[in-house]
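Structures for review follow.
Two complexes come next, and they have one chain in common, chain A, joined by chain B in the first and chain C in the second.
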Partner chain A sequence: MTATLRSLLRHETILAILLVLVLFALASQSDRFFTTANLLNQGRLMAEVGLVALAMTFVIVTGGIDLSVGSILGLTAILLGVFWHNLGIPLPVAMVLAVFAAGIGGLVNGLIITRFGVPPLIATLATLALYRGLAEGISQARSVRGYPDWFFVLGQGEVWGVPTQLWILGALVVIAAVILGLTTFGRATYATGANEIGARFSGIGVDRTKLLIYTASGLVAGLAGVIFVSRVSTTRSDMGTGLELDVITAVVLGGTSIFGGRGTIIGTVLGLILMQALKNGLALSGVKGDGTIVVIGVVLILAIVASNLFSREGDG
Partner chain B sequence: MQPILALEGVSKSFAGVKALKDVSFDVRPGEVHALMGENGAGKSTLIKVMAGVHAPDTGEIRVNGAVVRFASPREARAAGIATVYQELLLFPELSVAENIFLGHAPRTTMNALDWTKMRDEARRLLDELDSHDLDVDARVGSLSVANRQRVEIAKALSQDARVLIMDEPTAALSDTDARRLMDVVRRLRDRGVAIVYVSHRMPEIFALATRVTVLRDGAYVGTHDIGAITEGELVSMMVGRPVDQLFPKVDTEIGAPILELRNVSYRDEVEDISLTLRAGEIVGIAGLIGSGRTELALTIFGITPATSGEILLDGRPVTITDPKQARDLGIAYVPEDRGLQGLIKPQTIRENLSLALLDRISTATIVDRAKETSLAKELIKRFGIRARGPEQRVRQLSGGNQQKVVLAKWVATEPRVLIMDEPTRGIDVGAKAEIHALMSRLAGQGLAVLMISSELPEVLGMSDRVLVMNNGRIVAEFDRDAATPDSVGTAMMQTSANDAGAAKAEVA
Partner chain C sequence: MSASNPTVARPAPAMHPMKRVAAYGQEFILLGAIILLILVVSFVNPRFLGANNITNIFAGNAYIAVAAIGMSLVIISGHIDVAVGSLIGVLATISGTLAVNGYPIWLAWLAPVAIGILVNAGVGALIAYLRIPSIVVTLGMLSILKGGLISVTGGAWISNLPADYLIAQFRLFGIPSPVWFMVILTALVAFWMRYSGFGRTIYAIGGNVEAARVAGIQVERSTVIVFAIHGAFAGIAAVLFATQLQVIQSTVPPNLELTVITASVVGGVSILGGTGTVIGSTLAAILFAAIASSLIFLNVSAYWLRAVQGLLILVTVLADMARRHRLR
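This part shows the complex of A and B:
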């Protein structure tokens, strides 16, 4: 028991130590970094990437990838605006419908991957273009504004002093961690990623598992889209462009193997925080945007190399 | 004659576990030195030490009397030591000639690849191996296992190997191919190559080897001239105890029919199969590779669902369209390829053992870790799986122990029908006897067992009834008393003179 715990947490431990070091370094660089206001604000900014990263952890653990999440986010934002503004559907209903549509987008990814055997990279690369194209076509380059005040609670409001979306993220972190770490579904996810054929021969519903995961990935991207619109008060078709890269970086930084079979939600959360802290801290210390990207790239490589060095096991 | 390669007092540990304890071994030019031992005895580790993959913790390696330390397999190869592993390390998309000369291709004066010379040299090497029929321009991926193996050997020779290590070279070959390979080994031996030969097959050892060395539990047991030892003595050296009866078939009362197939077909791979499996019965399926045996098992288990016909369980028709349904109906399948189909190798023994019955040890889909661990511990004990504990990773286990994990995982689901596909392939005598005893015990408890095997003695020794398959159909059926090597063997070969030849050549 302790042995697995140790091997499971090894990457996460390295990451946690790294995170503490980074936080100290950044705090010493700028006195504006380690303030409650700044930290909560950073939490607000990372919620969307974080939500999508939770589902992406499942996707990557199965050995797949979902590149279409940014486009799904953009499509959801547009649909929300169109449903409410152009079609006159009440906003709460429009929100549900938009997220539902995002779920369909994810389901379509899953169907292409499981029914037709298209590799996830290709399938979602195609739908990345497809969904973004749809978003642009529907929006006709017009943005939707003028949402009612109550809507902004989601993206700009606070509950007990903490940004609303951080509560949502927190709740979903717990749910995702329980599902992946403790349930039969989590086991099916790991088994599928480690050896799909072996999992199928053990009576695991491999296709069903993947369908559910890609659908959930779409749903969560949709939820992130609604929060995004609420946070920036407007709807535009280019929302979420490049989001998938941030999400994948956080997940991989968190120790999830891109080959499948390995990864944890705790790791993803640490990876996410580390990435956001670097972005914000470096900006506050006066490093320009390009420099920040370089630093994140270097940290990503170092974290992976370090955990590979420590987790080497004999093959006897 | 002085040994060309000698190991003295070699020890090697992995993560605190001793894989080799003070082992000495040597091989002389022009001899075949057989290396034997049960799975997990340390043969693979010893080979890897010789091949420069692992550096020994203590002890020394000498080549032609001079002490060497290999930092990498490349250095061992440079010293003339080549290895042909069980899993062949070839590039399927490249041609035969390219594979042979990969990394040391002949160059022209302009330093470009000298294709003409490369193809000529490849031709010459293959001719030396008596493989005139092998095209040097063929894509390696299109070749049979036997031919790929010859390419691998030619590759070793192209680097002037003076020591050739062969790890179970005949394990995946048909009898004809195995005999051809043995001829190749004799040729090489006569040319003065020193050969280290690992195999579980006794007749091969006695036909080829000059000397034989036995390892057990990582320790050196002894070295003998082949003429000075009998098969029985060798086996007891390997196992460390006298071996139990080889096929411990116990007569049990045969009960009511459990599984019935009526005219079941899957495309043209399984054609019109009707059979009945009764409680307590072991039914053996014999047939050549490609005769449809495994395909039939896959159809019953729902991997390739039947395209026509009817399957009945306890007299009631059932539809099986995926393995999950088969499992829930009480059908278990111990597959042919344990690494790919049977196990999730990077995971722990605990996770593997519980994978097929997760629903039963979870409440509201949350897996009960305590129950899971105690289940794993109990199964490890009951099946005699040699492991450090439930948290050890399956890929670190030896072949025989991996097979026991697969078997334990399926028996734990408490199935009513157990299909076993090549249940003892590639595992040693000791583990084999244990698996046979277990099979007998399970049948005694009322399970219906369907056993597919390429080993005729196993089929004849364990089965109450023998079915012979050929070309997707059942062509003969024998009761235990009527099933003899002659009768079953004849049925396997008949009517297949034309197509079985083709099947055998490329399906392998």
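This part shows the complex of A and C:
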């Protein structure tokens, strides 16, 4: 156990050093990088991926995966628009309802996985298509605009000089870190991923744990969806396309084992910041969005290769 | 399905006839579904049966069936590939670029196949030798290929394709060439999967990796070969896709990977690996194309198509799980 703990610490230490180096390199490359305005703006852009990555850490620690998060984000955005604009429901209620619907989307994932024994990869690949299809079908490619000003506080506003969604992300980081690191639920999550059959025989409610985690994954994807709509002032059905790539990359980069049983929230946060710094650095040096996607794909594969070599060393 | 299951404790061989029905049932269900769909839709709207539309359903979607053959092999061996749509987009662009720049036509046809084999052999090697889950490697490849393609080409259109390059528009005995490709490749691979040693190897790896290893199968090498074959089919699919119109847009066809995976999974290739046939995946590709076309003829918005797709995967997968529980 102490050996595992030591290797975990080692991964995060390396990641932290890497992060400092990258930040240093970026700061020396461009004088626009280390400005408060840029850093806060990067935090704003990072919040949606970050929120979803927190839940994804739990999902991957149980040995699962959730590919449907981007589609849930898009569906939530569409539902928010439809509830408010087409059905005339007051916006605060519409926000709650939309996030609630996202939770149901996550719950459905969990039920398919736990009740029917469908592998998470296929279950969430199917719901990736289904939820995005619902978003497209419901919206019929129409976008909803004209939200009231107070709504934009969530995605464009600031509280004490810091973007609103960074406060939300910060609070949820603390909550997630406490749950995963310090509670029995967190231990059950690790146990499920490390050895599911063993966990079952130890009397851990494996199915209940997974059900809660996939539901939470849906809920935070929904919350991210509402923030997304507030940030860009409009609703479209293709919102969040490809989000799963960013999220999974951040989590894996943070040292969470794709095979389950290992990973921390601190690691995910470091992975997230490293990825956002990389994106920002590429953007500042003139690489366009599509070029950035290439780099993230490479980083994802390299991170897994590194972590595999790493864990094999630890085992030996 | 795996013939080399050495478990002694397995009870009564009495299940075998049932298993056989289960193994081939999917193909009959799909065939029935296609016929039923065509009957119902043509009853509501007779124009559905027009020669143009039927040709479109078969010839226009044959490349999906061809790609699904390779995907089926990958899924039967217990892996997945979410990058196939991006790969087909890249290969189609390469093929078209070679054709308009005066390279020999045969090169424009064969280069995508060769590059597909090389790229996917690399992917297979990452999966097999470095033990990275296929979903992670192919998710990374998806963004590399997709982002790379748009960065390089800017999504530009390739036009002025030479007429003798457009192989998908050739006809033999009045039947469009993509249909020939689809039928012949499906038959060949179905036969090969069933009777060749390597075909059985793929089933064995997907059924039980450890048992396959103990039985002396070189799992790593076989995985690389499966992905290389998958790359070849992606190359053929890319050429059929690139040559079906007079122009090629050098982007990734949206959702292509999902459509290909849907065809394989709905075709009865078990998501748990080890079972399934390419006949099923080809039938499923046709069924899905027929559904897409039906939506238009039934005046249903095409924006619902992807929801139908998701629902189809989900229902098939749940039915597969239920069937496994019953047969266990």
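In the analysis below, the second predicted complex is superposed on the first by the 281 of 316 C-alpha atoms of A that agree within 3 Å, B and C clash if a C-alpha of one lies under 4 Å from a C-alpha of the other, contacts with A are read in each partner's own complex, and residues count from 1 in each chain.
The working rule: contacts are C-beta pairs under 8 Å (C-beta built on N, C-alpha and C of every residue); 3 or more make two chains touch, one makes a residue touch a chain.
The structure presented is a predicted model; accordingly, all values stated were derived computationally and were not measured.
Of the two partner chains placed by the overlay, only chain C lies in contact with A:119; chain B stays clear of it. Residue contacts after overlaying the shared chain place A:184 against chain B, while chain C stays out of touching range.
More residues of chain A are in touch with C than with the other of chain B and chain C.
By the document's definition of touching, of the two partners only chain B reaches A:204; chain C does not. Within the superposed three-chain model, A:104 lies out of touch with both chain B and chain C [touch as defined at top].
In the superposed model, A:130 lies in contact with chain C only, and not with chain B. With both structures placed on the common chain, the touch criterion links A:16 to neither chain B nor chain C. Within the superposed three-chain model, A:194 lies in touch with chain B and out of touch with chain C [touch as defined at top]. By the touch criterion stated above, A:261 is placed in contact with chain B alone, chain C being left untouched. On chain A, the surface touched by chain B in one complex and the surface touched by chain C in the other have no residue in common. Chain A contributes residues 1, 3-4, 178, 182-185, 187-188, 190-191, 194-195, 197-205, 261-262, 313-316 to its touches with chain B in the complex. Residues 65, 112, 116-119, 121-123, 125-134, 136-137, 139-141, 242, 244-245, 248, 252, 258-259, 288, 290-294, 296-298, 300-301, 304-305, 308 of chain A are the ones touching chain C in the complex.
Remark: chain B residues 14-15, 17, 19, 45, 301, 303, 322-324, 326-328, 333, 335, 340-348, 351, 354-356, 358-359, 362, 365-367, 373, 391, 393, 395-396, 409 touch chain A in the complex. Within the complex formed with chain A, the residues of chain C that make contact are 80, 82, 126, 130-133, 135-137, 139-144, 146-148, 150-151, 255, 258, 261-262, 265, 271-272, 301, 303-311, 313-314, 317-318, 321-322.
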